[in-house]
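Just passing along the structure, written as structure tokens.
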Amino acid sequence: MYNYTIKYSCVNTYENPVFESFWQYIVTPQNNSTQELSSGVFSVSNDAVIEKSINGYNFETARIHTKKPFESLTFEAVFKLTKTKDNPLKIDPKYKIEDGYKALKELDFQVDYEAFLNTTELTTLPKEQVSLFDFDTSKSILDNLKRLNNWVHKYIVFKAGETTTETLLETVIEKKKGLSPDFTHLLCAIARVNKIPARYVSGYLHQGDGLLGDSQMCAWVEVLVPNLGWIGLDPVNNLLTDHNYIKVAHGRDYKDCEPLKQLLFSYGEKTSKCVVEVTYEQ
Amino acid sequence: MKPTNFKHLFSSYDGNENLFDEIFDKKQNVRKVYQKLFDIYNDQSIEEFINLNNKAKTSFFNQGITFQVYNEEKAQEKIFPFDLFPRIIDADEWKIIEHGVLQRCRALNAFIWDIYHDKNIIKAGLVPMELISSSANYLRQMDGLDPVGGIYNHISGTDLIKHSDGKYYVLEDNIRCPSGVSYVVYNRNALKRSLFGVFNHYDIHTVTDYSENLLEILESVKPKGVDVPTCVVITPGVYNSAYFEHSYLAKTMGIELVEGRDLVVENDFVYMKTISGLTKVDVIYRRIDDGFLDPLEFKKDSAIGVPGLFAAYKKGNVTLVNAPGTGVADDKAIYTYMPEIIKFYLGEKPILNNVHTYHCSRATDLKFVLENIHNLVVKPVDEAGGYGISIGNRLTKLEIEAVKKVILQNPRKYIAQPIMSLSVHATYIEDCQSFEQRHVDLRTFTLLGQDKEFVLKGGLTRVALKKGNLIVNSSQGGGSKDTWVLKK
Amino acid sequence: MLARIANNLFWMGRYIERAEHTARFTNVNYFSSLDAPNKLSRDRQFVLQSIYEMVGEEEENEKALIEQDVLYNAALNPEKHYSILNCITYARENANSSRDLISNDCYETINTFYHSVMNYSKEYFVTRGLHDFTSHIMHQSTILKGKIRSTMLHDEVYALIKLGINIERATQVTRVLQIKYDAAEKVTLSKPKHLKKSYEWTTLLKCVDSFDINRRVYRKAPTQSTVIEFLMLNPNSPRTVLYCLNQIQMHIAMLDPLKVHEKDTALFLIGKMKCEYKYKTVEDIQDDVKEFIAHTFSSLVELSKKLEDEYFYH
């Protein structure tokens, strides 16, 4: 059992006064089978009020609405949660490799998971690159996905400043450099081309054990393997996700889980400094 | 026998035998329901009629019953051309229409519920999943959400035409924000003022009860726990082409007409900003497209929406009418599956006909379409207002090649239908100062609420004012007629 | 009622009133200057400059003003925010946004008014149409205000429009007073004793359509002190500051009568302001008329600000 403390803080400064603004953060860790949130405390400067709500995809949001002019706003969230180790994958030896591929072809399966089977703008492979990575159907789906994870890990070099969260795969493939959202989009795209439901996960990564990750929130993939369920893959570190990965939200791509959406009535330059600290005690 | 003064109003009326004329039968005799009306009109001199026509036009303009046209250099204010010769639908014919559109609206509602829940119709293999997934109007945020009373398409506008076989066909189901109902009422008022005498000869259903029924529908879907709901109409603003209608509906329902900036969400409840503070809002009849409703949930750059609105809706604290995501069934590609949809959910046979449709997304259909463009109407699946439509027999060879190219770029985006011959109706044409045949369609308005259904007895008969033109939309130079539904 | 709509109704009233004052000021100044007794009063530049002052043209221009430009700018120039055409356009836009609240009759009047202004020929106006156009504006705005009074429920919608009309009228009367006072001073610069009986006082009264009424009240040619007393302090003539203040008080009270006891409200403020004018005498102000005009302006601005905060923005 790991007792996590996660601190997300952001200072936003504006050249000119902001008259009215709306902010929506999606930064609260999800409650699921391996993580349990015990507390989440938000604070914001300028006497602004924070409201908790649920967005269209069922993830918790923190909303702020400011009505008085300001030039700087500080937002801070502190989460405490316990994370348990994932149960090791229980692979049923009787479940045949072909059965897995057959399951993918069933109409009900394709309908139930259509959201994570169809590509989006950010998870579309350029036409000429559709067979960038080929599945070997003589091997199990899981093995292929692990291979794919490893392939993406080697294909892209982890490097900041090359891409943004909205960079299309065409550019990522050309540059072969990027951050965790790029790794995630590429893996999702290839999995979906091969009819495997894959979703973008945003969350926090505990980097104390030498894992590589973005300076703020990180992204990784969850793929649905028939007979096993959703499995987390981190192509940046070429790992299956474990107790170091704290999930916040998932979606079809980055746009569904954007940590912050905001609307501002102002003009001029702005600077935004965000810091994420992830620590745990065992 | 034609009256002796026939030459006055119908002097140059040229009845084309190949078209279905609403007033004259094949032998050029006046149909029974129109006889009295025809006699009265023919009693007038053309000068009298021109005078009436001008007065009616001025009255529309002065009342500001206008719309903006954008496709020219700058927005222009125009009146919606109105024709003083009404269209008559007799009681028996209307019964079929009314049952038919109700059946369609119920089936569509069941379909939308299914799409946002178990998707049984897709799992049964009747409607392909790709059609839904690729629809720009499919809102995944609506998955698993239960709107009050299970109603999605509270307000539907069904476009019908009468083909040369004399039967009604449905052309389109509009279930996002169908407009036009205010013109129905204003057309009736204008006609009453101009030609009050003719109303004595016919027993006609009223159309002014639309607003009270709409308000009842809105109130019927109030959120749980609300006693007397506060309903509002939300508009994108005064520059919207349908703004006149938005204000008309708010005024006649006696409720506030708000813009996005008048509303604010606090703790997942919606409030409007009034001169004495915040007032809670329970039901919103929204005339804003899905994507613009809430910039925190949909399009980030929407300046006309309300931040946090969708979360309040999801929580059940406010009802949106129509529900977000209804557009998934408004898609013209879904239209083709209507017979299956009606059978699947209602176990009934469709009362109204569907025009046969070829999907360019299907290889065999695509092949047929490309080979027969000259005999088909090609339409984009997701455009409204008559934009992007090509009518095959009006195209030159070069234009046909251009259309083919466009289809091949994105076959999913196009459907094609045989060229339907819309019925024609005597319509006053200013340039010739006489009546001529013009193509017409009919938009009906249907309301679905909790334990309540309503079909407006009447509708908007739209007229294509250009000779031979089949596109009746106001943005494409169409006009309208008052539509009389006779009592039995 | 929606705060935004309240604001629009208020401004609809203000723009209708503003258009009327601009029209009358332009008309009176132009035509009465043609045969004014004083040479400077007849001077074209002097007259055109005062029209610019009235509408608040800010552009500094070294060159001589061109008559047709000034008249066109004040009346029909769509590029000038202060033009009568724009006032009517804004008034109609505000009416559009609240057409579900105002009577059909009212809306139709404002709509036809708007179209008549939009379709008015520029060529005709600058060559021959000044009188016709400005009379048309005065006439139509009177009709419109009549429709407002006689076809609408006298509720908060009505109160807000009337509030706009009266605040604007008080402001415009004060502004005309200021401009004409300055003009009178200039005209009589060499002979300050003539200030009290300057011809400008007559023009001033005509600018606010009060010459005849003033005659009935004082029964003699207008002088500085009778004019100032009349325009500021007469409670019975419809175009005086005190009359407007009474109206403003009445209409704010219609919005929320209970607020009269709360110190920090518009209703309290207007009550206080009205009493000040009610018990003021011309002797109190005539020593420093300019100061009093400035004081009136700032009080009206403060009142508008208070209304905005209290009713229009949340």
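As written, the chain order gives the labels A, B and C, with residue 1 at the start of each chain.
FYI, a residue touches a chain if its C-beta (ideal position, glycine included) is under 8 Å from a C-beta of that chain, and two chains touch if they have at least 3 such contacts.
Given the structure is predicted, the values throughout are model-derived calculations rather than measurements.
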Distance-maximising chain from chain C - centres being C-alpha averages: A
Chain at the geometric heart of the assembly (C-alpha centres): B
Whole-Å separation of chain centres (CA-atom averages), chain A against chain B: 42
Where chain A and chain C are represented by their mean Cα positions, the distance between them in whole Å: 62
CA centroid of chain B to CA centroid of chain C, Å: 47
Chain B-facing residues of chain A, complex: 22, 24, 51, 53-57, 61, 63, 65, 107-108, 110-112, 114-115, 118, 252, 261, 263
In the complex, chain C residues that touch chain B: 1-6, 93, 96-97, 99-101, 104, 107-108, 111-112, 115, 156, 255-256, 311-312, 314
In the complex, chain B residues that touch chain C: 61-64, 237-238, 243, 247-248, 250-251, 256-259, 261-262, 272-278
In the complex with chain A, residue positions of chain B that touch it: 119, 122-123, 125, 129, 132-134, 139-143, 264, 266-268, 295-297, 300, 307-308, 310-311, 314-315
